[in-house]
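Below are two complexes that have chain A in common, paired first with chain B and then with chain C.
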Partner chain A sequence: MKIKNGFVLRQVAGQTVVLPADSALDLNMMITLNETGAFLWERLQNDTDEAALVVALLEEYDVDEETAKQSVQAFVKKLSDNEFLC
Partner chain B sequence: MNSSVEHIIIEEELIPLLTDTLAMGQKIRYLPFRGVSMLPMLRQGKDSVELAPLPEKLHKYDLPLYRYPNGKYVMHRIVGVKEDHYLCLGDNTYRYEHIKPEQMIAVVSAFKRGDKRIEATNFWYRLYSRVWYWCYPARKLLRMGKSWLRRRFK
Partner chain C sequence: MNDFRIEIAKVVFCVKAQYQNVNEFCKEYLVDKKPDLEIVMERIDIAHERKINFTEQKIEGIALLDFPDPYYEITALQRKIAERFFEFSTLLFHGSVVALDGEAFLFTAKSGTGKSTHTRLWREVFGSRAVMINDDKPFLKINDDGVTVYGSPWNGKHRIGSNTSAPLKAICILERGTENHISEISAKEALPMLLQQSHRPMQMNMMPHYLDLIDQLSQKVRFYRLSCTMDPQAAVVAYEGMTNKGKEEV
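On to the complex of A and B.
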């Protein structure tokens, strides 16, 4: 799985915001990511899976495996519910 | 003088988001606002605007966002382009403002009236902006008449 084409991450007013490329920032559809969200988003630019994302999180952050797993699952579910993944 | 006409103001907390987005060359939509000075076009709580980065040149009847020296962000229509400043006037205000080009921040490229999106290039909107301003002397006279009557028969 990976993030569909057509979205870019931008730092806007100190927040990481997902913007549709070549379009306006719509306040009603604005999605902001926290630090780990942005980290996972970047990993998802290339085809990957949940296990690889968990490994990446464990390497980058000081968390235990269970927490990392839960974070990845929750994040992937959110992305997939909002049709960001292909 | 009716000083209760509140100017259209963009909320302070949206400004960083607004300036960063414009600096990236992107539009930002749909911004809510406070105030009644752009009635009947823009109704607080019901309508919102899309702002685009400034074009090379602003024109008469454009609706820009600009900054007062006191830091407030205000949206009123350009009704005159002078050599070194713009004459601006809210659709529901009666006092001309002299705004320098460096005070300009962005321009309305579209707006949402209720659920309906209307482009700034829309024929009917452009007609409205002109006719409404052409009626300015009549509107002002009517308003003065009303306030005279109110004073006279209080």
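On to the complex of A and C.
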């Protein structure tokens, strides 16, 4: 799985913002990401899976495996529910 | 084809328009200078504008109204010019801007909230100290040391504005209320409004640059939220709320 093409991620006003690059009118797809979200988003630019994301989180942050798994699952579900993934 | 030159926010455009109405509309901005850029208006731009008009009317849930082609060419030109202004670090913004003693305050809100009514109160209360820069679509140039707001021909249905500029001190989100109250808000809180009320690029490759400009804008002016009535006192509350803060800093 990976993030669909056509999104721009940028630091704006102290937040990580994701916008559809070609939207002339519809801003409903704008989301803001926290630090972990931005970290996972970057990794999801390339094809990956949940297990690899958990490993990446464990390497980068001081969290236990169970927390990392839950974070990844919740984030992936949110992206998938909102059709950000392909 | 109808050729003319206009200067907006220090940029000179040579416009090749389909109809004569456009240069009449831009008459306060006509110049005879060497152009920086050329804008060619095509039939397809007018058709595109008509489509956008219908989409916006559907979103707002109002009756679908059509207009003659020259009307659409005027807004199509605004869109094309706004698109070229990104490269000059300049954003087209939706709002009513009034300058008081040379410092500009921009009020933004959805159409119909009462931005124009509120800046009219500033003119009533402050008299000739208050100068309207633009009542609908000013341009904001992001400089290293601050933001300058410029007038434009697209100055709202009452055609209020002037071909002038001023340093932008604050952007204020306006809401209707039963009493007058203003408070400062963070750039983070203002961000959704900044994205909604500015012209966003139609070309995908311009989006990162646009977001960088929004980020710079968020750092260079102060943001406020005003809840207000239509009483002249609203102008006093707004002005004091946005300037006392500045005095504290000095």
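FYI, the second predicted complex is superposed on the first by the 78 of 86 C-alpha atoms of A that agree within 3 Å, B and C clash if a C-alpha of one lies under 4 Å from a C-alpha of the other, contacts with A are read in each partner's own complex, and residues count from 1 in each chain.
Methods note: a residue touches a chain if its C-beta (ideal position, glycine included) is under 8 Å from a C-beta of that chain, and two chains touch if they have at least 3 such contacts.
All values derive from a computational prediction rather than experimental measurement.
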Query: Given the touch rule stated above, what does A:57 touch, chain B (first), chain C (second), both, or neither?
result: neither
- request: Scan A:6 for contacts with chain B and chain C and give back first, second, both or neither.
  value: second
- request: Determine, for the superposed model, which of the two partners chain B and chain C contacts more residues of chain A.
  value: C
- prompt: Just chain B (first), just chain C (second), both, or neither: which does A:79 touch?
  reply: neither
Task: Based on the superposed arrangement, let me know which partner A:19 touches: chain B (first), chain C (second), both, or neither?
output: both
Which superposed partner A:68 touches (first chain B, second chain C, both, neither): neither
- request: For A:40, decide between first (touching chain B), second (touching chain C), both and neither.
  value: neither
- line: Shared chain A footprint, chain B vs chain C, residue numbers 10-14, 19, 23-25, 27
- request: Over in the complex, which chain B residues touch chain A? Could you list them?
  value: 14, 16-17, 20-21, 24, 26-31, 50
Query: Where on chain A is chain B touching in the complex?
result: 10-14, 19, 23-28
Query: Quick one: in the complex, what on chain C touches chain A?
result: 52, 55-56, 59, 187-188, 190-192, 194-196, 200, 202, 204, 207-208, 211-212, 214-215, 218-219
- line: Per the touch rule, the chain A residues reaching chain C in their complex are 6, 8, 10-15, 17, 19, 21-25, 27, 30
